[in-house]
Structure formats: structure tokens, C-alpha cells
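Same chain, two partners: chain A is paired with chain B first, then with chain C.
Coming up: the complex of A and B.
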């Protein structure tokens, strides 16, 4: 009887330990994944081509250059976007100062009227330039906003070993009720994500279509978000990626919003 | 307009050529894009006194040419417009043609024909003293046409204290306001709404060194808010002066001093702006024929209330300085029978409320927009509404309208009461 009790206690302790360890591990994995995905190097830039495909197969194309500067790993970041296509937004620039846990600051410069407009932080689940990517998909959802649990440690996606992690928002959130992420064990990058609504129905799927190593950083150079129920998708392709170019803080100001840094934006 | 166009027409191609030469490294090329747009605007009031039944029927080609190097860029925007009323009538405009370059000591220059904007208001302007095209604004052209281009030199110096901008405009260009051809308006001398037969071309300031307009702005960030101080020496951009001796209207001298603040509060954007309009040709306010000085201020707030639904609200007050002198000068003219006894009297205080509502649906391909001006003091209003459908990256369709209302024909929007219109626009971008 005593033995059984001790055994029981040990077992309970072990389960408890595993559970806490697992939660801690899951959070750590998601943190590392977030850093690998959104914070490679101290800065980065790329030419982005966005293909938005509707249910009927109609395509819309956006082309822009994106510059990023990390103020703090996992923390504050600055983004600068210069639009090239389509024609009606060409030469338009957009700047975001991202504050995880706070309200982002956003500015838009409309060259046709020489106007810098500060726009309210707004809904992070809103579409980014008509696409199926949300603002949050572009600049990242902080890992502390969800509770993470490891579902499986022995998944494979396209031959890559991966963790399967479930993430549930701490606060009620419109973006998803649950997210399942397959995180590459080697690169920490998300290989696939499934977003479920509150009814438990699959809403959208993210996939890392192409991963390349650039400047020592594994990088998702092509990614797709598919909206399952609406049968539409958006693919983002990144070209001419560079990291640690030494982008100065001054680029992320109204001055450069009005006159793009042509050294980087061609 | 002719006079000005000819001169600019000669100088600008030269500027463009030189600019492209300086800014372009040998391997870079000129990028070209633009749009073709058809606009049909019909007046809905049969009693209007304008020459035309249609307010607009035009086909517009806009070409944008751009070339740049690492520290300089050249840009030109040319509009070719064919007026559908008269198949032989076409016009062209150099909307922008400038050279931008950057000195390593933190100074950016922008020289040439350009659009100039500053200040914080949404379609309300106090310290933005640059030319506006209200005619385009009222007949359904794209919003960008509200800002009329000017030929100017702009220099902005950025340093650790903030940014200092100076704009020099050597050749005065007024606001483009209704002339009775497309839109009827109130003529205070005739005290009635008139068409083009009641239009009196105003006399512009002479083109000399002393008449160069100078606008200055200092701006910096304070505790996350963007602060700016402004000063301007130039002229009213509307003909706010009348010379009773020689019987002509003109643009009196004006100085403006003001400041603004903008920042993020409660998940939205708040802005605040004020200014003192110093009417230099009527410093005591006792010249009835020249606009009095005034103090203006507005406050605004904008927030995204739901996904893809943004709303804002602005409140503006304009207080006339030396109101008593204005009243006395008017009374004296009425007594001496130089003015009829029923001449309208402007209020000492003018208030204005505006609101913009914007909703996007269908993956942001359809945009509904509503903008309203309402003046509780003048009891007049202007409502702008539109629906736009972006069929593809290239093609968009837009339908909209402008409604003007007012108790008195002499107020800002009341004078356009007969100009209510609806329009249809098709745009192909390339």
C-alpha cells in the first residue's frame, strides 16, 4: 500500500513535471520560431511579390520592397514598405513601428498629394493590401499572446522533422480560436500552420513553400495562406533578400517616408 | 492661366531633361506608368445658371515618369485631358515635374512643379496655405486633384532638433474656384448666384521678388506626438479683396502663424491645429472690402471602429478679429447708400463639423465613402459620397455625388446649392 502510494506520488510528480516541462518547452519552441521567422539578423530587406488568387481564379499582383529593423530581439521593430505595383499605389510608402503588447504606430505617405497620414493601429486581423495575409501574418503575433502545448514531437512535413504545437489565445481573439503549428526542429521555422475558428472548423492554412538559407539564416522565401472556406489564396515570394545590411534608424522616419532610400529601394 | 502655362511649358521640359541627366546613372532607365480615366458628371438641378448641362465629361490620360539615382530623383506627372463637350477642346497640365536631391548634411531639396501639403486636417486647412482646386473637388475628379500644383523650391533640413522646412513660391497661383461655367456661385457684388456671365476674373499679384510667397514649418516629435509650428507670408488664395475705385477683385496680402499636434490616443489618431490669419491690408478690420483677420482652430479624431471601417470627426471654429470694425464699416457703407440695406452680414464666429466614414468590403475591393461638412453657424452643408469597385488591379469603377445645401446663397456651401451632381468614373491604370 505504501509502495503504491509512493509510486502514485512519483507518477503524479512525473506527470506534473512533464506537463510543466512540456508547456515551457512549447513556449520556448514558439519563441525560437518567432525569432527565426520575424527577427533574423538585426535588419533585413526583400523585394516581395504578392499573388492574390480569388475563388474564380482571378489574380491580383502587388509588388513592394520591405525594410525591417529590429530594435530588440523579440521586441520592438520598425518596418518600411515601398509599393511598386499595382499602378494606383505605386510610389506609396508605408511605415510601421511595431510595439509588441502595445499599439503599433502606422504612417502612410501618399505622393500624389504629398501627404503623410498617421493611421490608427486598427485591427491586426484586417487584410494586408487586399490579400489573405493579415497585418499580423506580416509582422508576427507575439508568442506570449497564446498558451502553447506540444501535441506531438515526431511529425514530419515534406520530409522534415517537426514539432506539432497547439496555441490557444490567452485573451479572446478574432484571428483564431486555435492554431496548430508544425515547427521545423532544425530551423525553428513554421512549416505549416492550421487556423481553427471557435467551432473547431479549419479556417485557413499557412504553408512555407520554399525555404532557403540566406546569409546564414534559414528563410521562408515563398509562403502561402489559403482560406479554406472561401477557396482563395495568396502567395508571397521574397527575392533579393539581405540581412544585416546596416539599415540606419533614420530610414524609419518621415524624411525617408517622403523620399525613399534609393540605395536600398530600386 | 494661359500666361503662366506658356512660361512653365518652356521651362519644365528643360528642368526634366537636366534632372534626368543628373539623377540617372547610365544603366538606369525611366519608369513610366499612369492611368486613363473617363469621368461623366451630371448636374441634377434643372434651374442651374451654368453654361453646361453636364458638369464634366472628360477623358484624362495621366503619365508618370520617374528616374532616380542614389541621392537624387526626377519625377514628372503629365495630364492630358480631352473635354467631351467640344471635340476640338483638349488641355494638358504639368501636374508635377521636379528634381529631388539630398545633401549629406541632412538637407533635402525639391525643386520644380510640385504638390505641397502640410498640416493635420482631413479636408480642412489652416496652415496648409498651398493652392487648392475646389472646382475639381466639387465635380467628381479624384481627390488628388484638390491639391493644385505650384512651382516652388522646397528645402527641408533634418537635424537632432527636428526638421525645418522652407518653401519659396515665386509665381503666385490662386485656388481654382468655380467660374460659373461648370458650377454656379455667389457673386457678393451682384448679391446673387451667377453663371459665367457673373464671373469677374480676379487680378493676381505682380510677379516680382517681393511677392514671392514664403512658407515655413518646424516640426518635431514630442513624447510620441508630432508637433509643428508654421509661418507664412503671401496672399489669400481666394479673391478676398475688392477695389471699389477701379472695380476689380484681387488677392490681399496675408500672413499666417500657427501650430499643430498629432498623435495616437485611445486606439485612434487625434489632431489639433490652430492659426492666426493676419490680413495685412486690413489690420484694423475697418476696410469692408478686404477680409478681416481671423483665428481658426480645429480638432479631430479618427478610429477604426470595425475591421475595414474607419470613421472620423472634426470640429472647427473660425473667429473674426475686429468684428465691430467690420460691422461699423458695413453700416457706414449702407448709410451712405454704397451698399444695399439687405447686404448679408457675416457672423463673428463660424463653426464647422465634418465627418468621414469609410467602409471596405469584399476583400477591400469595394469601398464606400461618405464625407460631410456641416456648418451650424452658416446653416449650410456639403455631402460627398462614393462607391468604388476595383474589378482588377488595372480597372476600377466609381459612382458618386456631391450635394450642397444652405439657407443663404452667400455662405460657403449655400452658394453651390444648385450644383448638386452625380458622377460615374472608369479608371484603367497601367
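Coming up: the complex of A and C.
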């Protein structure tokens, strides 16, 4: 009887330990994934082609150059976006200073009225330039904002081995009620994400369509977000990607909003 | 065939009853699969262009049907306390299943642009329950400053506000409205809450209608049963008419369900239409049986006499009713076709059952049951005396009756010209119904609960960013806004003006359209609430959607706005190759209404012609045929003229009732004329014929008038206007056509007797 009790206690302890270990693992996996996805190198730049496809199959193409500078790995970042196409929005620029855990700062320059404006960035679920990507999809959601658990360690996505992790927001959040992520065991990149609303209905799907190694960093060069209920999607294709080009901090200031840095943006 | 049927019924009554029970069980069994459909949109075939477009439009611009929740307080609603309640109510509403949460329009859900220092904020208008009166006033001011929200969320006097709750399916309106009411009941305060909107009116109407159906038909049945008992004093004799009516209804509804149709608002009316028609034939039979039983003293002989006498008139009265309803099948409104077809089927069934079941059941009665039944020779009852008095009056006073008829016809023609075709599903409820009260309250304070959409379509990308096109849309808006039922219009124009004011003008200057398409494109690019933009313009900016919000939903008024806008667009060419189309529930309603009313006119005229040919054939005489059409013509004219005089709109129920009027109003004339001629052939004497007609058929007719007219009086007290209308029609059809048959026809026959009975001349 005594033996049995001790055995039971040991077993309970073991289960508890495994559970906490697994939670820690899940968070660690999500952290590594976040770093691999959003913080490759110290800086990065790319030409992005954004294809917005409506339910009726109509396509809109936007082209912009995006520059990124990391102040701290997993922490503050600065983004600079310069629009080229379509012509009616060319020369429009966006700048974001991202503060994980705080409110981001956003500026924009509208060439049509030659105006620089700082805008509040309270709503991270808002649409990024009329696409199906949100600001948060572009610049990332910090791993500490959700509680993560491993659902499965033996998933495969397109032949790649992956963890399946469930993330539930710590605070009530309008972006999703639960997110399921398939994280590539080799590269730590998210291969696929499913977003569920509070009724448990699938709302949108993120997919990493093409992964290439660039400058030593595995990079998602084509990614898609599909809005399930509305049957529409947006695909981003990244070209001319470079990492660690030595972007200066001064580029990410109001001064460069009006006149883009010619060195990087032709 | 006549002989065969009578013999079979009298020789094998048990068989007849077994066969009827068998079929009734078979059809009744089908009712288990009944499917209910309360959507007026199904008045149009699913492939009807306006429906397809309305659906495409809703998908393209991510528009849902919505319920409007109104909040009214004559002391003002924009104070911290009430807005806090509204905040919590909105939070609770957001949790309801079946609503489109991201599109809810409420102060705590819609976005606004404002400044915090130099930082521009695009965020929720009311992010938290107001902490002070100043904050509450700020919410009010921001709404009025936003052309998209003004009039929708708040009235200018601040006494009313509205929340717009988009719903995934309008068939859920009733449930969702109930859940919202539960929320406002528990969280609301002194302010009054209303729920309005076409979807809830339509969904609730369907539901209440079936409720009425379940109540009205049995009550009418009970009253008819009581009246029959008063006339015939023998339960076992008056049971068959009730059974005939019930079984015809079961067969018809069973067949309808069996054929795979759902029971629509229209077809839910079938029982109430069939009941009187089915009872009419039986009343003629038992009336004749009653009046002759003593004379023959033998029930088989009495039955044979009765059926012999009544077979032809009943065949024709039923056939004309069938024609009246079959004519509805030429209408291209599917539920009307189904309704017409199955009522016609039911009339056929009830005819067959009347002439088989009545005799069969009479044969099965024990002799003792008939001991004191019937009248012997002269009936001295009140009804008999009145009918005889009418008979005398008609014959003597034709000099008064004929000119009076001419005057009535003239007055009727004027009345008919006054008829206004109009409808509004909200007005199918009586004016004290909560939905009507809500409709009035919201539409008197705010920009309206009736939402139509005008869609501008071009083939050019970015056309809707072009200042020339925007100015054009603005001119259309200005034109539309002239109508006093248009509470507000909002489109991409207003949205861009707002963005320009807030972004370029920093909130206090520069109100107007963007000066270039670049400027417009850039505002839209940086405005990050994509779901709002999607409701105004499509993804490549080639199409735009203008919201036209109206305070009235009557077809006539909606058509007025639509036609006037269309004319303006036709006369003022747009800078691009442009197609404009309308969508929205009120617009869909005017389309089906138009189709239905014009179709109904054709059906009525066609069946009028066919019935005349049938009469001429039945009486082998055009003159008799014309005479028989008189009660029908005068009844229809008088009823519809009074609709014109009373200013009651000619709506869906009234249109449908024209076929019932046609089918029923001729019946008395057929009985009267057919039997007058038969009697005259037998007696060869006009005076004797006249007397006999008023004794037999005259009494049967007046019994029918009383039974049906009074039987449907309970419908006058319905909550639903169409039911009141139907009840009034039964009353009017019976009294007018009965009156014309017993007063005008005898007078005319007296005047025209030498032409109508040519043999009289020879004899004299």
C-alpha cells in the first residue's frame, strides 16, 4: 500500500514535470521561431511584391521595398517601407518603430499632399496597406503575449518535420482566440499557421509557400494569408533579399520619409 | 358519371368512407415532412436577376442584412450613464451567435479619426464607457462630425441613437432580436429600446402568420359549425361538411408537402381559403336535402333528387373557382403559382368529396336521427321570410334596383381609378404592433431603417478614385437627398472627404473631395480598417457602393427615389462608361411586387374571359352568360373600389384575393340561374319558378352568405393586417355577391323574362 502511494506520487510528479517541461519547450520553440522569422541578421532589406486577390479573383499588385533594422534581438526593431507601385501611391513611405510590449510608433509620408504624419498604432490587427496581412503579420507577435503548448511533435508539412503548437492569448485579443502553428524542426520557421476565432471557427491560414536559404539564413521568400470565410488571400513575394548590409539608424527617421535613401532604394 | 357516382355513394357508403379515410391518412402522413419558408424574397425565383445581383452585391461589398436597435430618450441619450449602458449592451450583443461581429455599428465598435497632440489616431469611437459628461458629449460630437455615422448612430437632437447589428442570415432575425431584447431588458435603463428593420419584420411576419393560421382556421371552423347547427339542428347532418373541409385541407397540404414544396407565406393561406369553398358545396347539398326530406320522406330518394338537382351547378361553381385559382399559375411568382395550383386541387377534391361523402354519410345515419329533420313545405322561419321578402322586392322594384346598380357601378369605376399599388412588409403588422412602433420611432428620429444600395459599375480600374467620377457620384447623392424619405446617403465620396478633412486638414479645414486620384488612393492605402473600405468600393476601385438610407419602406416611395435617381443618371452622363444597379431588401421587394401585381392583372382578366365562356357554354346562351357574370363583376368592382376609396394600398394579399373573389362571387349566380332554368323547364310558369327559386336556392344562398361571412369575422381581430384583409374579403364577397344575386339578378330576369325564356312568348 505504501509502495503504491510512493509510486503514485512519483508518477504524478513525473507527469507534472513533463507538463511544465513541455510548456517551457513550447515557449522556447515559439521564441526561436520568432527570432528565425523576424530577426535574421542585424538588418535586412528586400523588394516585396504584394498580390491581393479578391473573392471574385480580381488581382491587385503592390510593390514596395522594405528595410529592417534590429536594435535588439527579440526586442526593438525599426521598419521602413517605400512604395513603388501602383503609380498613384508611388513614393509613399511608411515607418514603424516596433516596441515589443509597448505601443509601436508609426509615421507616414503622403506625396500627393506632401505631408508627413505620425499616426497611432494601437490596433495591430488592422490591415497592412489594404491587404489581408495585418501589421502584426508583417512585424510579428511577441511570443510572451501567448501561452503556448505542444500539441504534437511528429507533424509533417510538405515533407518537413514540424512541431504543432497551440497559442492562446494571455489577454483577450481580437486577432484570434487560438493559433495553431506548425514550426519547422530544422529551420524553426513557421510553415503554416491556423487562426481560430472564439467560436472555434477557422478564420485565416498563413502558409510559408517558398523557403530559401539566403546569406546563410533560411528565409520565407513567399508567404500567403488566406481569409477563409471571405475566400480571399494575399501573397507576398520577397526578392533581392540581403542581410547585414549595415543599414544606418539615421535612415529610420522622419528626415528620410520624404527623400528615401538612394543608396538602398532606386 | 353523375348516376354512377350517386349510386356508388348511396349503395356503398362504407366504401366511400374507407377510401376517404385511406387517402386522408396517406396525405396526412406527408405532413410530417412539412418545411416552412417565411422569406418574401422567395417570391422571386432563385435565378431572378435582381436576386442574383443582390447576392453578388452583398458578397462583393461584404454587406449583411441588419437589425437596427434604437435607443430613445426624450431627455437625450448622450450622457455618461446611458452611454455606459449602451457600451455594455453592445458588448453583450457581440457575443450573440449569428451576428457579424466585425461589422457591428455601435459607438464602441465603429472607428473614428482624431488627434492626440500631433499624433493621428484611427481607433474605436468610444473605447470605454464614458467616465464623464464631457467624454459622453465628445462621443456625440464625433458622430455628428462623421458623415458616414451621422444620422445612423445618432439623431441630430441627441434624443436617439441606433446600433446596427449585421446578421449572417436574415432567417435568424427573430431569434437574434429576441436575444437582443433580453439583453436590453436586463441591462437597459429608463431609455426605450426598439428593434426594427425589414429582416425582422419579414421573419417575424412569417412566424406570427403560422401562429395565426393555427388559431384562425379552427376558430372559423367552430363558428361555421355553430351556424350550421343553428340552421339545421342536426349534428350528424352538419358533420359531413366539416369533414369535407378538413379532409380537403389535409389532402391539399399533404399533396403540397409530398410534391416537395415548402409551405411559404402564400401557401400557409391555403387552409383558410379552402375552408369556405369546401363548406359552400356541402351547404347547398344539406340545404336542399333539408328542404326536401319531408316531401320525399325517403332518404335515398331525397339524396338522388338533391344530387341530381345540384350536380351541374356544383360542377360549374367548382370549375370556375378552379379556373380562378389556376389562372394564378400564369403568374411568374413561384409561391403564387404553387398557391394557385394547390388551391385549385383542393377545390377539386372538395367537390368530389361533397358529392360522395355527404350522401354516403346520410345513408349511414340511423332512421331515428332524421326523424324530425327538414322542413315540411312552407318554411316560416325568419330566414325564409326574409328571403321571400327580398324576392318580392326584387321583382317589383326593378325600376329602383336597375338605376341604383348603374349608380353603384359608376361610383365603383371612380374608386377603381383611385387604387394605389403599394406595399411594405412592416405594415403587414397592425400599427400598435411592437415592430410598427419601433419602425415609427426609429424612422422619425434617425436616418432610417430601410437600406437600399446604388452600385456604380465601370470597367476601369481606379475609376472611383478619379475626382471627376467622385464629383459625379456626389451630384447623384445630392439629387437623391432631395427626397424627403432619404435620411442619408453615404459612399466612397463621404469617406474620402472625411479622410481628407482629418488627414490633410488636420480635422478643421479642407472639407471636400480629393483633388487627384493619387490623393484618393493614398488616403485609402493608409486607412487601415479594410472592412470599412470594402463596403464602399471594390478591390480595384472600378465599382462603388452608395448606401441610400430611407425612413420609409413603402414600395411606392422607394420606387419614387429609385426612378428619380435613375432618371437623373440617364440625363447626366458620367465621366466613365457607367452601369448603375440597385440592391437591398426594400428594392428586392418592389421588384417582386411589380411582377406580382402586373401578373395578377393578367390572371384576373384571363380567368374572367374563361369564366364567361364557361357560363355561355353552361347556359348555351350568351345573354344568360352575361347575366351570370354580373354578380361577379359588380362584387369585384365594388370591393376593389372601396379599397380605392378607403385609400388602402393594393398590396400582396389584396392582389391574391382577386382570384378568390372571382371564384366565389360567381357561385351564387350559377346556382340561381341554373336552377331557375331547370325549374322553369319543369313548371313552364315564370311566377311559380320565381317563387320556388326563392324558397330553395335562395335560402341556400342566404345560409351560405351568413355562414361564411360570419365564420371569418374572428379574423377581423388579428394582429396581422393581411388576415384582417382576408376576413373582410370573405365578408364582402359573400354579402355583395349574395346580395347582387338575390336582388339584381331577379330584377333583371323579371325585366328580360321574354328574352330569357323565349318559350314564354310562344305560350302566351
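By our rule, the second predicted complex is superposed on the first by the 266 of 266 C-alpha atoms of A that agree within 3 Å, B and C clash if a C-alpha of one lies under 4 Å from a C-alpha of the other, contacts with A are read in each partner's own complex, and residues count from 1 in each chain.
Criterion: a contact is a pair of C-beta atoms (placed from the backbone, for glycine too) under 8 Å apart; a residue touches a chain by one contact, two chains touch by 3 or more.
The structure presented is a predicted model; accordingly, all values stated were derived computationally and were not measured.
Engineer: Identify whether chain B and chain C fit side by side or clash on chain A in the overlaid structures.
Structural biologist: They clash: once the shared chain is superposed, the two partners overlap in space.
Engineer: Looking at the overlay, does A:126 come into contact with chain B only (first), chain C only (second), both, or neither?
Structural biologist: In the superposed model, A:126 contacts both chain B and chain C.
Engineer: Who does A:152 touch here: chain B (first), chain C (second), both, or neither?
Structural biologist: neither
Engineer: First (chain B), second (chain C), both or neither: which does A:55 touch?
Structural biologist: second
Engineer: Considering only touches as defined above, state whether A:255 meets chain B (first), chain C (second), both or neither.
Structural biologist: After superposition on chain A, A:255 lies in contact with chain B alone.
Engineer: By the touch definition at the top of the document, which applies to A:88: first (chain B), second (chain C), both, or neither?
Structural biologist: Touch partners of A:88: chain B and chain C.
Engineer: Per the contact definition in the header, classify A:263: touching chain B only (first), chain C only (second), both, or neither.
Structural biologist: First partner only, chain B.
Engineer: Just to be sure I read the superposition right, which of the two partners does A:244 touch: chain B = first, chain C = second, or both, or neither?
Structural biologist: neither
Engineer: After the superposition on A, what does A:103 contact: first (chain B), second (chain C), both or neither?
Structural biologist: Once the two structures are laid over each other on A, A:103 reaches chain B alone.
Engineer: Same chain A residues contacting chain B and chain C, which ones?
Structural biologist: Residues common to the chain A contacts of chain C and of chain B are 52, 54, 58, 60, 86, 88, 110, 112-113, 115, 118-120, 122-123, 126-127, 129-130, listed in rising order.
Engineer: Could you pull out which chain A residues touch chain B in their complex?
Structural biologist: So the residues of chain A touching chain B come out as 52, 54, 58, 60-61, 85-88, 90-91, 103, 105, 110, 112-115, 118-123, 125-127, 129-130, 232, 253-255, 258-259, 262-263.
Engineer: Write out the stretch or stretches of chain A touching chain C in their complex.
Structural biologist: Residue positions touching the partner: 52, 54-56, 58, 60, 83, 86, 88-89, 92, 94, 108, 110-113, 115, 117-120, 122-123, 126-131, 135, 199, 230.
Engineer: Inside the complex, what are the residues of chain C that reach chain A?
Structural biologist: My answer: residues 59-60, 62, 97, 116, 118-123, 462, 465, 503-504, 514, 516-526, 528-530, 533, 538-540.
Engineer: Within their complex, state which residues of chain B touch chain A.
Structural biologist: Per the stated touch rule, the residues are 33-35, 64, 66, 68-71, 73, 100, 102, 108, 114-117, 143-144, 146-147, 156, 158, 163, 226, 262-264, 267-269, 302-304, 306-308, 310, 363-365, 390, 392-394, 396, 427, 429-430.
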